[in-house]
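Okay, so subunit A shows up in both of these, paired with subunit B first and subunit C after.
Let's turn to the complex of A and B:
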């Protein structure tokens, strides 16, 4: 079964890297349905495409990842969220999980770490 | 009655080590090659910031006030972009990745400083651009490093609020 993925990060380079890894590597069952550069755009795209998975940055303009996770958890509770963030303190990770994220991957990440984290959420 | 302004103090030498470690960690993870972090120095009053071709600046709030700025030459960023799987580069890509590196370095520092080191999304600018004024009053600390044949700097301009 193909799962739908929404990629959310304010860095175009990171959005493209995640998309490229998903297409080039071992994730044939993922279809990328959107790329969002901030939380507002992410909520709009998520409501339009109802993704199964979201990779979510935290530090973003307009609407940050924390707020975006809260909104997605309320409106699309079946969507699984992998936070991909540079914020490396434990409190931030715990807060994100409490708000509704299912996983947390620290930047900078290796190709293998990203694939492994996505596979974990796809199980 | 207005509340008194919080007392400020400069970062400690141990704090500087935290930022030096973030540089080493970033380059090793992304490129597989270590960066050689050189001796940090305080920028003398009146001296311009050692900006480079592309610069990414993170404003810091919370328990700390000021900014963290990553300044790098085009060639270094070309290599980082290539290691991240990108093979065509525009100035927009260089500005994007220099901001992302600044964000990653500042974010990793929260491993030690905690969530009280509140960071904003990056502001980016070229050598011709002007950095926004910093809220810190202590002198900026410059951490130079070499990766491959390139030299770049992390400029840490922070006060710790007491």
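Let's turn to the complex of A and C:
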């Protein structure tokens, strides 16, 4: 079954990197349904496409990842969220997991780490 | 040691068996008692009846004799006749009772022992003639004298014998009753003995089991105590309410630098050790640990207490460790997290080592910077400095070898060395070679106290020789860097960057074609005059061209069979064309002679993906083509390594906008697709 992925990050470089990595042969059942640069855009896209997975940055303009996770957890409880954030954000990450995210990936991350984290979430 | 449900009964099996035995024994004795009492009761009745026989026999004989006497004297004899009838009837009834005639086969006669039976038979045999003689007397209203005489004779001759037999029977029955009573006593005694044995067995077993389990519990407690006393790590259990457990390792107070009472709140414990922000993170984390839904691997990664720098005490210092690491393990019971096993490690030493290592790395990198700083200097000056420095150090070294073993010569040598090193330090500082001047400064620090001393010995020179070596090494390193730079500069310039790019494109196209089982020819054409590409532009080309070429081969070029069917050559062509405009801007096009892009197909795909029918139908060709550039859209249903994820064109659009380039797409179904990247002229 193909799973729909929404990529949320305010950095275009990170967004594109994640998108490119999703072409990895190890992730055959992943289809990218959208790329969002801030929390508001992310919530809008998520409501439109109802993704199965979301990669979520925490520090973003307009609406931060924390708030975005809260909203997604309420409106789309089936959606699984992978927090992709900097190492120093451990406290924030803990809060994000408490709010309903299911995974956490430190920035900077390697290709293998991202693929592993997504596979883990797809299980 | 753990009690397991299925062996629980086993542990008490013997005890239960003993109790069951006790009950069975009691029941047996009760039944036997009842039965024997019943027999004794019956025997007593028999004894009475047998005794009565004797009395009735006597009464009968006496009544007969009285009757004869009254008849002879002509007196009224109704009274004696009535007495006769009464005693006869009593005797007969008693005898019948003993014989069991009135009670059938289950009467006493049937259950009598052989000897009693025999005595009873004799009694009946002796009675029978009397019975025959008495009956005519009893039956006649006025008995004849002859009948009475005959009856008297029969009774008198047999009465003694009859009484004797009744006595014998009585005695025998008495003896039998006594023997039954005795056996009843023995059985009761035996039963009491067995019950006592059983009781003692139960008590013994039970006490032994209690002692055994006490011993095991004590041994387990002892082991736990020894483990907890010995481990260097802090160990304790944390319950759902955040209280510390009773069992703790002995090292715990040492690690925390404070007494840790059982039942203490974890919050209170960390309140004195951690900064407020860390405390909050710790609380959040512990909440998550009690949540079974969060995956263990993620929990491990999120642990905010893996490396904890302890807050300093009130006096700014604290005893014991400076850094702790906490590890949390879930204690599960029936799938629920019942408690957390907390392990606390003292990682002060590791942290110190890590800091030292980081310091060393920082120094190493500053050394590299120092070596690179030399490149900013005038080469001739640097060369002169290295040469003179090497000469000076060589002279010091020579002096160290030639020095006379006397204090004055040592002092002169040290002064000589000091001047040489001081010069090196000055020159190195002027050239910005900070690492050399630092090393020279360190050398001076060694020499300064020696210059003041009068009592120098040969041993004082050993560190000098070492320092000379160190400084020489620093100079040699700089020399090496310069030599490498020279070699690098003199190396022949590699081929034009376009050649690399061309190779890369060709290689990629053939690889993708091979993977997808297609035939492809690649043509890469550069303009006659290669444009002057800056590094940034070249990087963009390296990013975008492979994507476009991959798309061309994967999406554009058809399979061999499809091509033949469409009347094309089996081999597809992908052409990459570079062109420069008169303004100096660069345009690059990637064109394939494949199936082209059909708007009908885009429409169909959009409908397939669930977009509203009216919307799709109302879209212009331009809008349809534009959807190809939206994230996640792909015409291909099945994704493979090279296509179908709907990411390629979207990425190219992003890259192009970053590179400040415009994308043009022209296509003709069944003929070609061409992407053109138009770069802005270089400023």
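Definition applied: the second predicted complex is superposed on the first by the 118 of 123 C-alpha atoms of A that agree within 3 Å, B and C clash if a C-alpha of one lies under 4 Å from a C-alpha of the other, contacts with A are read in each partner's own complex, and residues count from 1 in each chain.
Basically, a contact is a pair of C-beta atoms (placed from the backbone, for glycine too) under 8 Å apart; a residue touches a chain by one contact, two chains touch by 3 or more.
Just so we're clear, the structure is a prediction, and the values are computed from it rather than from any experiment.
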Contacts of A:85 with subunit B and subunit C, given as first, second, both or neither: first
Partner chain(s) touched by A:17 [first = subunit B, second = subunit C, both, neither]: first
Partner chain in contact with A:61 - subunit B first, subunit C second, else both or neither: first
First (subunit B), second (subunit C), both or neither touched by A:33: second
Subunit B versus subunit C as contact partner of A:114, first or second or both or neither: neither
Subunit A residues contacted in one complex by subunit B, in the other by subunit C: 12, 16, 20, 91
Touch list for subunit B against partner subunit A, complex: 25-26, 29-30, 81, 84-86, 92-93, 96-97, 99-100, 103-111, 113-115, 119-121
Subunit C-facing residues of subunit A, complex: 12, 16, 19-20, 22-23, 25, 28, 30-35, 90-91, 93-95, 97-98, 102-104, 120
Partner subunit B, residues of subunit A touching it in the complex: 10-14, 16-17, 20-21, 59-61, 85-89, 91-92, 106-110
Touching residues (chain side subunit C, partner subunit A) in the complex: 277, 280-281, 284-285, 287-288, 294-295, 297-298, 301-302, 304, 631-632, 639, 641, 645-647, 650-651, 654-655, 658
